[in-house]
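To start, the structure under review is shown below, and the notes come after it.
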Amino acid sequence: MLDQTQTALDGISVSIRDLQLSFGAVNVLQDLNLDIAKGEFLVLLGASGCGKSTLLNCIAGLLEPTGGQIFIEGQNVTWAEPSERGIGMVFQSYALYPQMTVKGNLSFGLKNARVPKDEIERRVTRAAELLHLQPLLDRKPAALSGGQRQRVAIGRALVRDVDVFLFDEPLSNLDAKLRAELRVELKRLHQSLANTMIYVTHDQIEAMTLADRIAIMRGGVIQQLAQPLEIYNRPANLYVAGFIGAPPMNFIRGRIEGSEFVGPVRMPLTGYGWSEGPWTSGDTVFGIRPEHVKIGDDARHCACQTEVTIEVVEPMGADTLLWTRIGGDEFRIRLDGQTTIHEGQTLPIGFDIDCASLFDAQSEQRI
Amino acid sequence: MLDQTQTALDGISVSIRDLQLSFGAVNVLQDLNLDIAKGEFLVLLGASGCGKSTLLNCIAGLLEPTGGQIFIEGQNVTWAEPSERGIGMVFQSYALYPQMTVKGNLSFGLKNARVPKDEIERRVTRAAELLHLQPLLDRKPAALSGGQRQRVAIGRALVRDVDVFLFDEPLSNLDAKLRAELRVELKRLHQSLANTMIYVTHDQIEAMTLADRIAIMRGGVIQQLAQPLEIYNRPANLYVAGFIGAPPMNFIRGRIEGSEFVGPVRMPLTGYGWSEGPWTSGDTVFGIRPEHVKIGDDARHCACQTEVTIEVVEPMGADTLLWTRIGGDEFRIRLDGQTTIHEGQTLPIGFDIDCASLFDAQSEQRI
Amino acid sequence: ADLEVTHWWTSGGEANAVQELAKAFEAKTDHKWVDGAIAGSGNTARPVIISRIIGGDPMAATQLNHGKQAQELIEAGLMLDLTDIAEEGNWAEIIQPKSLLDACTVDGRVYCVPLNIHSIQWMWTSNAAFEKAGIDPVNNWEELKAAAPKLREAGILPLAMGAQGWQEAYLVHNFLSGTSEDLYYAVYRDKDEDTLNSDAVKAVFEELNAARDMYAGGNVQDWNLATAKVINGEAAAQVMGDWAQGEFALAGQKAGEDYNCLIGMGGEPSISTGGDAFYFPLIDNADTTAAQKELAKVLISPESQVAFNLKKGSLPVRGDVDLAAAGPCMQKGLETLAAGKVITGTDQLITPDAVGQIQDLMAEFFGSDMSTEDAHAAFVEIILNDE
Amino acid sequence: MSVTDHARAPARRPRRLISNPMAKIAALPMIMTALVIFIGCSLWTVVHSFTKSKLLPSTQFVGFDQYERLWGTRRWLASVENIAIYGVVALVFSLVLGFVIAALMDQKVRAEGAFRTIILFPYSLSFIVTGLVWQWILNPDFGVQGIVRGWGWESFTFDPLHNPDTVLAAMLMAGLWQGTGLVAVILLAALRGVDEDIWKASRVDGVPAWKTYIFVVIPILRPAFMTATVLIATGIVKLYDLVVALTNGGPGIASEMPAKYVYDAMFNKQNLGQGFAASTMMLVSVLLILIPWAIFEFGGKKRG
Amino acid sequence: MVDLSQTYTAPRRLAGAEGAKPKRRLSGNRIMIYGILCLISLYYILPLWVMVMTSLKGMPEVRVGNIFAPPVEVTFQPWIKAWAEACTGLNCDGLSRGFWNSVKITVPSVILSIIVASVNGYALVNWKFKGSEIFFGILLFGAFIPYQVMIYPIVIILRELGLMGDVWGLVLVHTIFGMPILTLLFRNYFASLPEELFKAARVDGAGFWGIFFRVLVPMSLPIFTVAMILQVTGIWNDFLFGVIYTKPEAYPMTVQLNNIVNSVQGVKEYNVNMAATLITGLVPLSIYLLSGKLFVRGIAAGAVKG
């Protein structure tokens, strides 16, 4: 019996089968299936309230699913205690025990598990080294900076020698600069530990840079599960397309007529990488990312060209954002570097089909 | 006396002279001088705790300065009540009166000033139109979204027909998407109202996109006061250089020897736009922004070339960030679009002097 | 005018007695008696009375035990001088015994109206209780002591008493005066150290010890609840002032038939002449002052004296009233009074401070297993330290 | 043009004295109370504790006589002992019981509102009422003892009010009944404020709930415990009504309390000096407890 | 590193490994929690039960019966007697008179003390001035001073103010003694409100009172409820001040209650006493029951941040 399971789950660290969870009448998770490979860094990405934390809490054993199964390292842990699952968890607020020192925080779990003293010492020392916490061991959390607290929270999972790390928005309480640094540190940590990591965030930069694969969730359903650039370049539906990318993708509503997209602009579809057979008619949404819009001379070579009047110019230093409108809808253009374009100016723009996305206007799915 | 001041302050909306403020023994503002032109959009930018809010509160009259004077529209208002200064203020938390309707919030200040009823009505209607608040007038703040609350907060200043708007991080409680939208709206508002606006933030994107001029503060002292791109391209000192730009500027420590910068890399200085006469010797920090680093073939034409091993690749969709090291210090490279470069790969890189900055290693000032 | 009168007569018999005064006052004058009873005991009421007088918002008349209690108030000029009324009414003649008026007199001026004579040297016994136990009613403390075991057997409490210091302190006073007048005065008036340490005083404490045993299991606080036990025959005896008689009367019991009253615990039949007096705080209002004086006259009038004291079970302060209606117990008291077997009350001999301390001591003694030696030593100390 | 009339603001700093005049006027009742009542009256009492005041305050100073007498009085000594015992036990029990109740109610129980009302309602009743009820329940003839005996267990004895050794326990029973509800509600409110992630973290760490309570949650609740302690402690120092209503100090002097000693000395024994001395001692002991605490609590903050 | 191009598809349902959903492990736990809570509730509710039951019995039944047993024959006589007939001295109108006195004392005392304390808290938080914290410290310290220390001097102060025996004197006393705790509550609460609100109101030109009444007070309902409840119960239940600083015609209900309970005539009429007790407690009790939720909310807002 067990053998069979074992085989089926070979190479898989966390497996979620038909998971359901409802709070009273509200279904938060609906028949969710997800397999996470050993050593994989999976990011759960989605808007607030989409059920990311709920899913993570189910994996951790902090919420009891209404239905379905959860396997970790081949064991059915659906009903196991959190501490028996071989998981460690890092919370958004870090949830450090405020009155214990860093050392106390790291060793509290081990003491409870009656790990021998010298073993505790050994593990705490190792974790402290790995996370550069040695000089802080005797401080209390209140005397630590945000980044340091976050490292302690990771250390608390680390000392327990777990198979799977769960992170619930561990960076969202930090300021932008620190966030960028810790992101890289986390990535390095993952490379050196090679544990499975499941990471919840609603920051797409984090998701893009950290993930081996991203699962984009909405209303308790996974919309797309794929590698970051796959999601960026070939979003599975309108929701994902609008969600990923800042500034977001521009959408132009229109129809496909023959081999052409017809709307406020016309665009031949030759060369488009169809996901679902080539369509020749139907209401369609055409999507193009702001950085894929060309202006001025560059626009001349594009398959689709038009003219727009710039409403707002936002220079950001490394790049510049132009706000305009096509067919009444807002349309954003991102330029590298600085520019002399000013508000009110009229510009020729253009874009090509190879970096565009097409969506069925009804089902909102990529076509 | 007054006449003389008047002349000196012609065209100037807010003038701050030798402003000092200390909380007990802590000097938060030190001899601060700042003139803000009529209709200017000035952004105060700085890290947390640098005294931005304190300065704004002094201007608003919510804090009494320990020394110095403040003029608004030619009047010395150093000791005037907040409501007598002709200023309106928008707070981070919006600070709407929760028990009053939107209309009540808008008219509270006018009622306090005993403005006649029909005049109140007129102004509230005008502000509501301008800010698209008409359908919300009878709601309470709890029933508004973040963006709507922000508009009400602005409206509260608007109805009072003030000369100067003060904003204290008005967008930082909102999510990224809404922030980007409201930023643009604010800019449009400024264009149509043409009031003087003083805007506190620690978000540099906001600062870059909104400001006519940015004042970068640190420890209660203004580090640089200039137009956004001037600050971005010619930061006045190491602090500003490191503060502005995300990812931040790369620094390489070395010396100037003759007409060359010598450090982990060598760089001829011909063509550099000196701020302080050409130097020919001395410890120097060389700064280059990540987006100005060229790789591969493009690097071949650069004045300075070297080879680096990529440690981390962060693909972000629209662009990619590479992390490496030069002379032991972290070095970031930003590439447009997506790339196939992978971790561990060795790359030739290069950069030119015309987009670089040089700083004196001692004084940390731009040279 | 409306006269507010405060007092702490709230038990059944007492309230009836006060009613008589109020009726008489309202019948004889155009003034109104506004009753300000404060329940509990003097210990609850006195602070209120005193703080109101001191606080400048006094009542028009108030009960106080005469003696040292009011002296400072009088000296502070807070009390109405009644000398003119007293002279007009010839109080010096009619008030018997004279010591009562002396207690109201400071520097030759009269400040209070003595209302009644209270004696505390009484033991009340229940005939029904002895009947139940199958023994003859006792005639004195010694016999009660002897009968105690039998009473216990019959489930009867030999001695009822409220567990309050002031009630328990009566036992000390009564054992002392019951032994002899001399001993009583030597202790309280002369504060004679030798006497205090004599065997006679020590014996008193042995008696207290016996009393403690006899009263174990009583578990009531108020004196009238203890009296109720005697009335019901649940307890055999109670040592309490003559006002207990009011409760017996209210319960429809007859002296001699249902209960017996023994003066001086059945020993030396001396009675003290403590009692209640009315004081009239000085109020700056001519009408009120006039009314106060009228009230004073009513209080001392023979009709009121009779009516009040019959209900209250105490003795009138005038020698010239006819008390034919008085019951046998009151007659006993009157006889003793007439025989001149009168002792000065403890209130006049020692300070309220010492009285209070003795009460505390008794409370502790009866509420614990304090040894008689310790109690005696503490007692001696209190008396010797009193000024 | 701007409506707000730009007042000709003075170029110089206005006089300090008149800044925020309204705030100072508004705070006047507080200042008066603090100075006149709390400081003034306390000082007055302390000063008069060195006099021979009897029924009326006098200025005849007698040095420490009143204190000598005070500390030589058995009833005072017993009172001090009683309040020490009662105080410590009541404090500990209130906090422990209050916390246990709060922790139980925090387990997402149904009918929490009903439980909360039940434990809180006695707080709305006065000590006089509380004393009466418990006197009635503990009455050996009618109350618990009587009933159990009525069931046939004749030797059953439960008469704490009339036994000097147990009377304090009876007082505790009544006192806790009255006051624990508030403590529980305060702690419950604080428990609700504890970051839920802390609980999750400790579950992931495999720490049993009771250990989490003791080692993690209780330390976090320190401020709430402080508030509760202040409330309980003020009640204990002033304990008077309950004693009067429940035992009147009895049996004997087994449940006497300092506040009652003060009251009796001042008004019954007509020895104000003695009462003032006793109340001064109460004041001093409160100071002895409060000042180190205040230094510990607030002195540290300023430095930190 | 895992090869990610592969998608992991294991059999959808893994038979056998499922393991039946265990019985709710916590149910035993729950039973214990409810058990203990019910036991505790019993301790709290029993005295109330006894009071109510006893107050509905006639005296004979009280004497022979079980105090916990419900009345065999329900009678409201004790309630009527307690309310309208019980005697103290010559006054046989029960608690009825005391009730109105209590109302007359409680209403102004509660209002005045809350006004004073809330203004104090407001000044302490938003208009700090030199020494304000020191005064507050003294005030807090005052919460610990035994009343007995101050009874006597206050008699003198009231005499000098000519307020002795006046209801307003008592109101003043209640305001003074309610001040420490209430000020603490209000101060904590106002400190928890965003300071920006206060700043916004200043910019809007509202003055000291304008900010207080039009901005802060309307949003402070919970804490005003807490203060109201604490004061109503505290003042309604007060005995010591009521007896010392008033006179008989103004005695509050508690004094009346004490009088009735202590005016024993023959036997203690426990049923009347209990009825009187209940009647006295009815006002604060019903206020608690009606506003319990707000009370708890206010406590959370004002008291917890000590």
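The letters A, B, C, D and E name the chains in turn, as written, and every chain counts its residues from 1.
To be clear about the criterion, contacts are C-beta pairs under 8 Å (C-beta built on N, C-alpha and C of every residue); 3 or more make two chains touch, one makes a residue touch a chain.
If you want to know which protein each chain is, UniProt gives these names: A, B = Multiple sugar transport system ATP-binding protein; D, E = Glucose/mannose transport system permease protein.
Only a predicted model underlies this, so the values are computations on that prediction, with no experimental measurement involved.
Asker: Trace the shortest chain of touching neighbours from subunit A to subunit D and give its length in steps.
Answerer: 1
Asker: Just how many steps, at minimum, does a route from subunit B to subunit E need if it may pass only between touching chains?
Answerer: The least step count works out to 1.
Asker: Could you compare the number of C-beta pairs in contact for D-E with that for C-E and name the larger?
Answerer: Spelling it out, more C-beta pairs touch across D-E than across the other pair.
Asker: Which chain lies the greatest distance away from subunit B when centres are computed from Cα atoms alone?
Answerer: Result for the farthest chain: C.
Asker: Taking the mean of the C-alpha atoms as each chain's centre, how many Å separate subunit D from subunit E?
Answerer: 15
Asker: Would you mind pulling out the distance in Å between where the CA atoms of subunit C average out and where those of subunit E do?
Answerer: About 42 Å separates the centre of subunit C from that of subunit E.
Asker: Which integer distance in Å separates the CA centroid of subunit A from that of subunit C?
Answerer: The separation of the two C-alpha centroids amounts to 92 Å.
Asker: If you average the CA atoms of subunit A and of subunit E, how many Å lie between those two points?
Answerer: Going by mean C-alpha positions, subunit A sits 51 Å from subunit E.
Asker: Hunt down the residues of subunit B that sit against at least two other chains at once, touch-wise.
Answerer: Counting only residues that touch two or more other chains, subunit B contributes 81, 83-84, 113, 160.
Asker: If I count partner chains per residue in subunit C, which residues reach a count of at least 2?
Answerer: Each of 47, 51, 54 in subunit C touches at least two other chains.
Asker: Counting only residues that touch at least two other chains, what does the list for subunit E look like?
Answerer: 151-152, 205, 207, 258, 261
Asker: Help me check something: in the complex, which residues belonging to subunit E touch subunit D?
Answerer: So the residues of subunit E touching subunit D come out as 30, 33-34, 36-37, 40-41, 43-48, 50-51, 54, 62, 66-68, 116, 119-120, 122-124, 127, 129, 132, 135-139, 141-154, 157, 175-176, 179, 181, 183, 205, 207-209, 229, 233, 236-240, 254, 257-258, 261, 270, 273-274, 277, 280-281, 284-285, 287-289, 292-293, 295-296, 299-300, 303-306.
Asker: What part of subunit A is in contact with subunit B in the complex they form?
Answerer: 48, 175-177, 180, 183-184, 187-188, 203-205, 208-209, 228-229, 232-233, 244-248, 289-291, 312, 314-319, 321, 323, 334, 336-338
Asker: List the residues on subunit D that touch subunit C in their complex, please.
Answerer: Contacts found on subunit D: 54-56, 69, 73-75, 78, 139-141, 159, 162, 164, 248-254, 263-271, 274.
Asker: What does subunit E use to touch subunit B in their complex?
Answerer: So the residues of subunit E touching subunit B come out as 194, 196-197, 199-207, 210, 214-215, 218-219.
Asker: Which of the residues in subunit E come into contact with subunit C in the complex?
Answerer: Answer in residue numbers: 87-91, 151-152, 155-156, 158-159, 162, 164-166, 243-245, 247-249, 258-268.
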